[in-house]
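Structures incoming, each one as structure tokens.
Paired with chain B in one complex and with chain C in the other, chain A is shared by the two complexes that follow.
For the complex of A and B:
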């Protein structure tokens, strides 16, 4: 059946909400081939159906085939675009979660176009943030309304020395617990160095 | 939220602006709520955001000078954090809307420039929107490059549901709001008294909201 493969792409999307599975190159290629074949088929059908002045002859026996073919192409294109667009949206959410550097496991699942898009997006976002206020404003912090000034965090890795904005130097060891100002550790939490203990 | 955002005189600079910090916070809070609940993007409030950002930097500098053992410092820091969250959250929401409805927003901006109306996006946001559109376009073009003539650009436009329901509070007496229910023949008219609240579809009051006669809650 036409557009069945494209539909599988969409199914893959809805199964993996919020995460990025590996880019399904094989299936995308198959859908592309289907579109190409259908498009060629449609063109030759169209030539047969149209009369000399270029207007379709409805009584031609190929006319229904042509209609189905065109609809199938449209559906395929739509699915293909939805697949790619929604992957970009997920990627965009990840830019806000992880910052401008993607974790390697996510990066491995992207295709080269997506990596290029990500760096472009990242660049325009940084540019926009720099244009705010006098010296730029990082929109990537203060993501949640502050509930308390200090929070308790656990260190997940051996990070080494870390200097707070008031000059105190902390030694961050694996599994050590700290009670720190929220603004100081927000970035380290997104980087995965800290875990917030609720 | 109202009473927690008061900041005492220590942090307020003696600027010659007509707005006090308290008024500025009120304005941004209203803008934040409006932006949060309105389905489409609203006119930008760049001046107030810039002013507030200046104030935030100023307050941070002042806080640096207070000794860390001072009990008041914690409270002020907390206020400052709340204020920062308000501003960043407001800007983030606008960006999200721009990203979701970029084609439509850019189209509307174009129409506004043609009619010499005030743009809804500030220049920086506009630039961001254009770059975003370009990057998405490039991406799609590289995907569809195998068969260039089948792309259906019209179908790509994502638009917000401007008929969604919102709850608003009126700031003054307004008479004769037409409730647009998609049925042109029997439109109901309603009057709002100052301070009244109502559940209504966004379309009917979009212009009032942009004038600042009502605000969303």
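For the complex of A and C:
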């Protein structure tokens, strides 16, 4: 059956909702080969059909074959496009949730174009946020209305040194507790380094 | 977070792609040269006029359009009279997941093949009857989780959205939502990692 492989790509993505599976280079290549083969055949069929003029086009014996062939190419292209598009959407969400640095095991699943896209997206986003207001505005923080200026957090991982905006350097160890300005630690909470203690 | 789940005519929708992959019975109205391999039961090179074959929905739709359709699609069996009777009797008791993963999407595509609008009516009837069940489920998630298995993909999304909204509301009422949390993707990523680490630990 046509476009079976292309559909497998989509199935693979839909099974892995919320994470990025490794970029399936082999399957993508196979789909591309299928498209090329179909396209060559369509071209030769199309030439045969086009030789006859006007209404006779439809009565050509090869006309139905051509229709099936074109439909298969369209389907294959759609699956390929959807595969890449939906991967990029997840990647975009990851920029907002993980921040500008991806964990290495996530990065290992991307292909080189996707890595390039991510860094470009990240750069334009930073540029945009810097252009807001007088000193720039970080759109990734203050997503919930603050109740107090300082909050208590617990560190969940051995993070190492972390510099606050006033220049103080903190050593973040696993299970250490800190009382910090909310604005300083909101991003680290989103990234799962801190846990907010209420 | 979910991948794009909006419906046709969304070109990139994965649900739509998967729904149009379902096979429906078709009859060929014209001879199709060199497409014999579509039919696994013969070894002939050409596909004969009058062959009955199950084709994926995307191909069936594309080839049944126009002034000279190549195939005539028929209703899949889950939308035929017998099955419609079952749904009419009590839609709540039916395991829709077993009928088809994309019952409603498939239905809205094939309803055009039935001129008496029966499919149209049964889709509406099924959805309206089962919606109450889904709403109940979403608000009382402690009840039997296995009932979720009986929902089709559209219903599952509605259930998940309803469930998330209900728990958000609860949280806001109890704690006024002041606690800061890790992002969803980050939490998922950590959970996965934990499983992977455990597996490595075992080896």
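One rule holds for everything that comes next: the second predicted complex is superposed on the first by the 160 of 198 C-alpha atoms of A that agree within 3 Å, B and C clash if a C-alpha of one lies under 4 Å from a C-alpha of the other, contacts with A are read in each partner's own complex, and residues count from 1 in each chain.
Just so it is clear, a contact is a pair of C-beta atoms (placed from the backbone, for glycine too) under 8 Å apart; a residue touches a chain by one contact, two chains touch by 3 or more.
Note that the structure is a prediction, hence the values are computed from the model and not measured.
*Asks:* For A:122, select first, second, both or neither according to whether it touches chain B, chain C, the two together, or no partner.
*Replies:* Touch partners of A:122: none, neither chain B nor chain C.
*Asks:* Answer with first, second, both or neither: which of chain B and chain C does A:60 touch in the superposed model?
*Replies:* It touches nothing on chain B or chain C.
*Asks:* Please work out whether A:39 is in contact with chain B alone, chain C alone, both, or neither, and reply first, second, both or neither.
*Replies:* first
*Asks:* Regarding the shared-chain residue A:149, is it in contact with chain B (first), chain C (second), both, or neither?
*Replies:* First partner only, chain B.
*Asks:* Applying the document's definition of touch, where does A:75 land relative to chain B and chain C: first, second, both, or neither?
*Replies:* second
*Asks:* Which parts of chain A are touched by chain B and by chain C alike?
*Replies:* 74, 78, 81, 85, 144, 182
*Asks:* Could you please specify the touching residues of chain A with respect to chain C in the complex?
*Replies:* Contact set of chain A toward chain C: 1-3, 7, 10-11, 13-14, 17-19, 58, 61-65, 67-68, 71-72, 74-75, 78-79, 81-82, 85-86, 89-90, 93-94, 96-98, 103, 105-106, 144, 147, 151, 182, 186, 189-192, 195-196, 198.
*Asks:* Provide the residue numbers of chain A that touch chain B in the complex, in ascending order.
*Replies:* Its residues touching chain B are 28, 32, 35-36, 39, 73-74, 77-78, 80-81, 84-85, 88, 92, 113-114, 116-117, 120-121, 124-125, 127-128, 131-134, 137, 139, 141-146, 148-149, 166, 181-183.
*Asks:* Quick one: which bits of chain B touch chain A in the complex? Just the residue numbers, please.
*Replies:* Counting only chain B, the residues touching chain A are 49-50, 53-54, 57, 68, 74, 77-78, 81-82, 84-85, 87-89, 91-92, 95, 99, 124-125, 127-128, 131-132, 135-136, 138-140, 142-144, 146-147, 149-152, 155-156.
*Asks:* Okay, in this complex, where on chain C does chain A touch?
*Replies:* 1-4, 11-15, 17-18, 21, 30-35, 38, 56, 58-59, 62-63, 67-68, 70, 175-190, 192-193
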